[in-house]
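Starting off with a structure, shown below.
Think of it as A, B, C, D and E in the order they're written, each chain with its own count starting at 1.
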């Protein structure tokens, strides 16, 4: 697969994508880096001056920063836990044949394709609203005091909303993984005397491990920059209770128009994202390179497999 | 209401941006994915991971630089500008997904084409692309969905002419009069095509979204 | 060829009505076409500010408020407006006109103006055995609110803004604080949240809302409260005067015929708790289409436009609060029972001297410095948290004081 | 311990009947091979015995007790799957220990039994590897290890060698035979490879479309096939058949002669023909001959037989080795 | 037309040398088989010839012209891949026509050539099917069809039969031999199955770890293996080796006897041992014997030889058939 000729062509053909992405990353990022050491407020043009790391020290000592950091991690972690637990449960349910499966699957998947703003609005005004919302109505008809979700438990509410959006994704992937579980493996476990629970713990769950890591990777990528849901529902409040890093940077950039401060914040966010990415990609990259678990038995007798594996690994 | 009669224009913008960026993205990504899948080097995995990691950067962090560049290139509020941005932000995912699908195509077949006298371009056009059609189609669909639903850049880089549906819906994001009926109508219209596309492609999507780790 | 004006505007009822009526303008000016960009308030502010500050040039006419105009005018970002004699600049209400002018030049034309006032349910007030005076005190309001509250029937004595944002809860709270003798800064730009006056204000506000406010108040803004009031869930509502036409419109409001109006309350210190705001139209400096834009603005803010709306939609729906002549019009007075109260509220606000004690800034419910949006919203978050009960009043004030001081130091006001 | 009786077992999937009605007796300690072409129902039959599928009607007895309704885990049978169905995330040790763990055995007991099984199967040094780190033959052995730790009444094998390459297949075949000699447990073994069937079985069951064509020892089937199907299926290369005139001579509708029962000559004989391909293996020579009036015939000569493509050869069937069949295909 | 010469060809992947330095002459019209254990570099060598890999050093000549730098498409060679590498989205017709289309041939010419190829390969009635609608053997034939339409100077086959089942493999083997007789084009055929090598080749090249162990006709290799590696590799079942005392008797470090060159008896002979497994195939009997002082020995008897597991047997190597090797493993 690899004569000099093809290798040269390959380099040429991957160049546009790599160069474009490099530009897309480096140009704005270096501008941001540059802005981050300036006093630069959009509303006060002509006053730009170099102020060193002052923007950074302001951003990092901002009392909002620590809560934003914790909120970001809680949000990512919470959503991941909920979607994975819920996703496994839903996948197990959907894996059983039942009437109307197609419709149910569509319903389960739908939230993933809804724009985040729209779904957040629906949750805020139709479900969680303490006066008009469905939950309040249910509480009242049960004789309970309606709970003001977004005010009393803002972060948890946002986690719930975001988890609702991502549950389908997790479900879809886990379901697919579940269906790829070798039928013979399940039968072997059955012959070995494993009941439903044992089968789940010893066979199904380990089989899903790989799918679960993938869910974690992808969700983390997107959840680190959750924004629309917060903007629409709580505006980061009350206090800083639901402000995450992205929202904090947003507030700097588009409420205060403090380009310098926002740039510093942006760089901090980039660094944080990279720290997370570093660990994640380590974890998952290893997992992705390992042989997939569901096809672990390349027929040993087929002599082509060792040599082709040798080629692709290079 | 006047803006409501502009609904058609917003739909057109959404369509142009979603499809335009997806096609442009595929055009750039197919060759890249080809070389990563079939002529990998030691650094290929790293390059792929790096591409993915660009997705982790918070967009607000670079909004202003992009805004200023767009202003200077006269791309503000143009479909072209948005097509470019959507292409770039989705490019890593496109490359990844295609890479995943291409990896599943036996290299033998491309070599056979080469033995049969096909040039590189012909190899890609006549053999690789048709074979990867299901994968390419689902990549295409996912990207249309992502571009269709993208709300940050569309909102911040458009005004009137190029504003897609997301920006239009944002004008409702605070209740006002008959708000609910309108929001529901508008969002249903915005979501319906995506739901349909999503439904048809869900199986393929899983493979692509998980980079082939789950089949 | 035809010129196209791109107009950025807010998604308020009056603005949307104007969009429907543009046929009148384009008929008279066939060479001008109008392109509307309607946005929610926050989004609008973000986009027009970014655009004007970076000279993006995406908009030819911008809808902006009394907060932006003086700041932007000072930066030279807005074209001064010079209208012909038939526009009758002198007819504009002085408080409003002052707010939109700098160095004696008008930089934006008011589309509608507003102050705030008390709107209340006459029937509930009667049931509670009280009579609303024209100029109530806060104590009266608190007393009445408690008496009107019937939580089982989902009737809450008072609805006030609680959603964080400098244009949301802080608009109300700043105006209220003014009447309690509080101020944002002293003359050296020192934040004043550690003073007694703010503590009184915030305590009064949270206590009142806890006892007589609706649940979830900390996420209620103008629109949410409007909906609550229109569906009969509020006894009183202190908010923008423009709301008056909505709550008295039988098509939208279930309580249209039961609404009374009163001036915003005071605490006997000589300032009432009302604000002043005007959504106005301005032209960014450097625009290529100044002439056409000016023509459009003149049309949209003219006396004739008021007549046009009256003819099409009735007098009650004309954009209020900009022209003295409107309030002299008997037809308007008849159709709009709130006209008098609105005018008096507007007159009662003084953006140049908003507080009991002297301050270095202008603006009633805001501080007209660029940093205020950020600071105001951040402080608003603290107060919203206090209302939600996730923070005590003292904590909220303390962190408001700290963060304001920080930002003001960073911006160089406080040395 | 280890006898299995099928009585009128019938299996249909929906409308389609896969196994019409079948009775079979498997004795204790026997090595029984089910053989037959692909799709004939071998796996289905095995899965019925294992309890992985329900019989549509009929009865399955294990050790004299009715087991028709018992779940797989209760039948005390062990199965080795074609794909081995190893648990990929468990080590070899974990795989072998799994059935014992499920049975709630003691840690110490498990350890001992796993060690024993590993010793028997030469897996001791691989106990901590994962299945993907093993070669095909080793995986195969792990699967067997998982089966033997439970000390089942019988082993079921479903084409356990079909994923291995030729050389390994021969080795594993010997190992399984060895194991049977050692354990003396009943084994039921499914394959579609007649060489495997011949070399391993005590008793071969030839299946065709869900029906039993013949049951017997390997040599019984080789020497006395009951019909053309069995005659053609058993033996490699396949038996040559002749019909028409040539068969008439022997008073049959068709006759069959195995390639190895054909005397070859370049000078003269009963049948003559042209060599299309001559395969010289050194140890043997296989001739594919276009025989006049008969068709393509395969003949085998021990050692070398120096002919080439296009040469003429003569063939004489060994007299006592001619199989005769009537019009219905039954042996006469 | 069709001669290929490799001169000092060397191939390394990075640090690892797969083919140290190799020279080989392939003559016009020859059927050459590369055989050797898995991983020995057969495929790599073939791919070097095809141009799918660059040689690290050395020269490849095709028809006397230096082709070392030519891209695959220019070498006028056709390759049949192990996986067939059919284009799944094209019909059989499209697959066969593809090389011609790439060469920019006329529509009419393409049509004619495709029809010809299809006729030769019995594919005419499948021309409009997609590869997935074909059986393994048919796919194989399509792959060959795609190779022959171009009328290449030589065909390269990389284990084309290893994906087929045993019966089909025999058939396809015959078909490819037939094809070679018909077309008389040079063919290079890679396999690791020595039976294929023996039956098909004019000339066998035995490779081991990138080195050529021996080149020769099948029977040459069978009768005169140059060393132990070739002796063990060619012939099935494998040659038995004896070392030590037994070998000394013959004045060698080791001797080798093929299973088919061993006279068996239950009463007496040179070597004695215990039967571990007796495989009765009817046509032959294979005995795996634990021979005293020698180790595990395989012996073959034609027809039946009635012994069982545990019986004692005696074996006498045929005198002229004993291969002797020195300490370095070379034949003496």
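By definition in this document, a residue touches a chain if its C-beta (ideal position, glycine included) is under 8 Å from a C-beta of that chain, and two chains touch if they have at least 3 such contacts.
Per UniProt, the chains are A = Trehalose transport system permease protein SugA; B = Trehalose transport system permease protein SugB; D, E = Maltose/maltodextrin import ATP-binding protein MalK.
Since the structure is predicted, the reported quantities are computational estimates derived from the model, not experimental observations.
Asks: Mind listing the chains that sit against chain B and also against chain E?
Replies: Expected: A.
Asks: If you walk touching chains, what's the least steps from chain C to chain D?
Replies: 2
Asks: Identify the chains in contact with chain C as well as chain E, in label order.
Replies: A, B
Asks: Counting C-beta pairs in contact, pick out the pair of chains that comes out on top.
Replies: So the chains sharing the most C-beta contacts are A-B.
Asks: So how far apart, in whole Å, are chain B and chain D when each is placed at the average of its C-alpha atoms?
Replies: Chain centres of chain B and chain D, defined by C-alpha means, are spaced 55 Å apart.
Asks: Which integer distance in Å separates the CA centroid of chain A from that of chain E?
Replies: Chain centroid spacing, chain A to chain E, equals 53 Å.
Asks: If you average the Cα atoms of chain A and of chain C to get two centres, how far apart are those centres in Å?
Replies: Centre-to-centre distance between chain A and chain C: 39 Å.
Asks: Among the residues of chain E, which are close enough to touch at least two other chains?
Replies: Within chain E, residues 52, 71, 82-83 contact more than one other chain.
Asks: Could you list which residues of chain C touch at least two other chains?
Replies: Residue numbers touching two or more other chains: 46, 50, 54, 227.
Asks: Going by the touch rule set out above, which residues of chain A reach two or more other chains?
Replies: 1-2, 42, 254, 294, 302-303, 314
Asks: What pairs of chains are touching here?
Replies: Going through each pair of chains, those in contact are A-B, A-C, A-D, A-E, B-C, B-E, D-E.
Asks: Going by the contact rule set out above, which residues of chain D touch chain A in the complex?
Replies: 50, 52, 71-73, 77-79, 81-90, 98-99, 102-103, 131-132, 135-137, 139, 146, 150, 163-166, 168-169
Asks: Which positions of chain E touch chain D when the two form their complex?
Replies: It is residues 166, 170, 174, 177-178, 181, 193, 195, 198-199, 218-219, 222-223, 234-237, 258-260, 276-277, 279-284, 286, 288, 300, 302-304, 309 of chain E that touch chain D.
Asks: Residue numbers of chain B touching chain C in their complex, please.
Replies: Interface residues on the chain B side: 1-3, 6, 67-68, 71, 76-77, 155-156, 159-161, 163, 170-177, 179.
Asks: Provide the residue numbers of chain A that touch chain D in the complex, in ascending order.
Replies: 182, 184-185, 187-194, 198, 202-203, 206-207, 209, 291, 293-294, 296-297, 299-303
Asks: Which residues of chain A touch chain E in the complex?
Replies: Of all residues in chain A, those touching chain E are 1-5, 302-304, 306-307, 310, 314.
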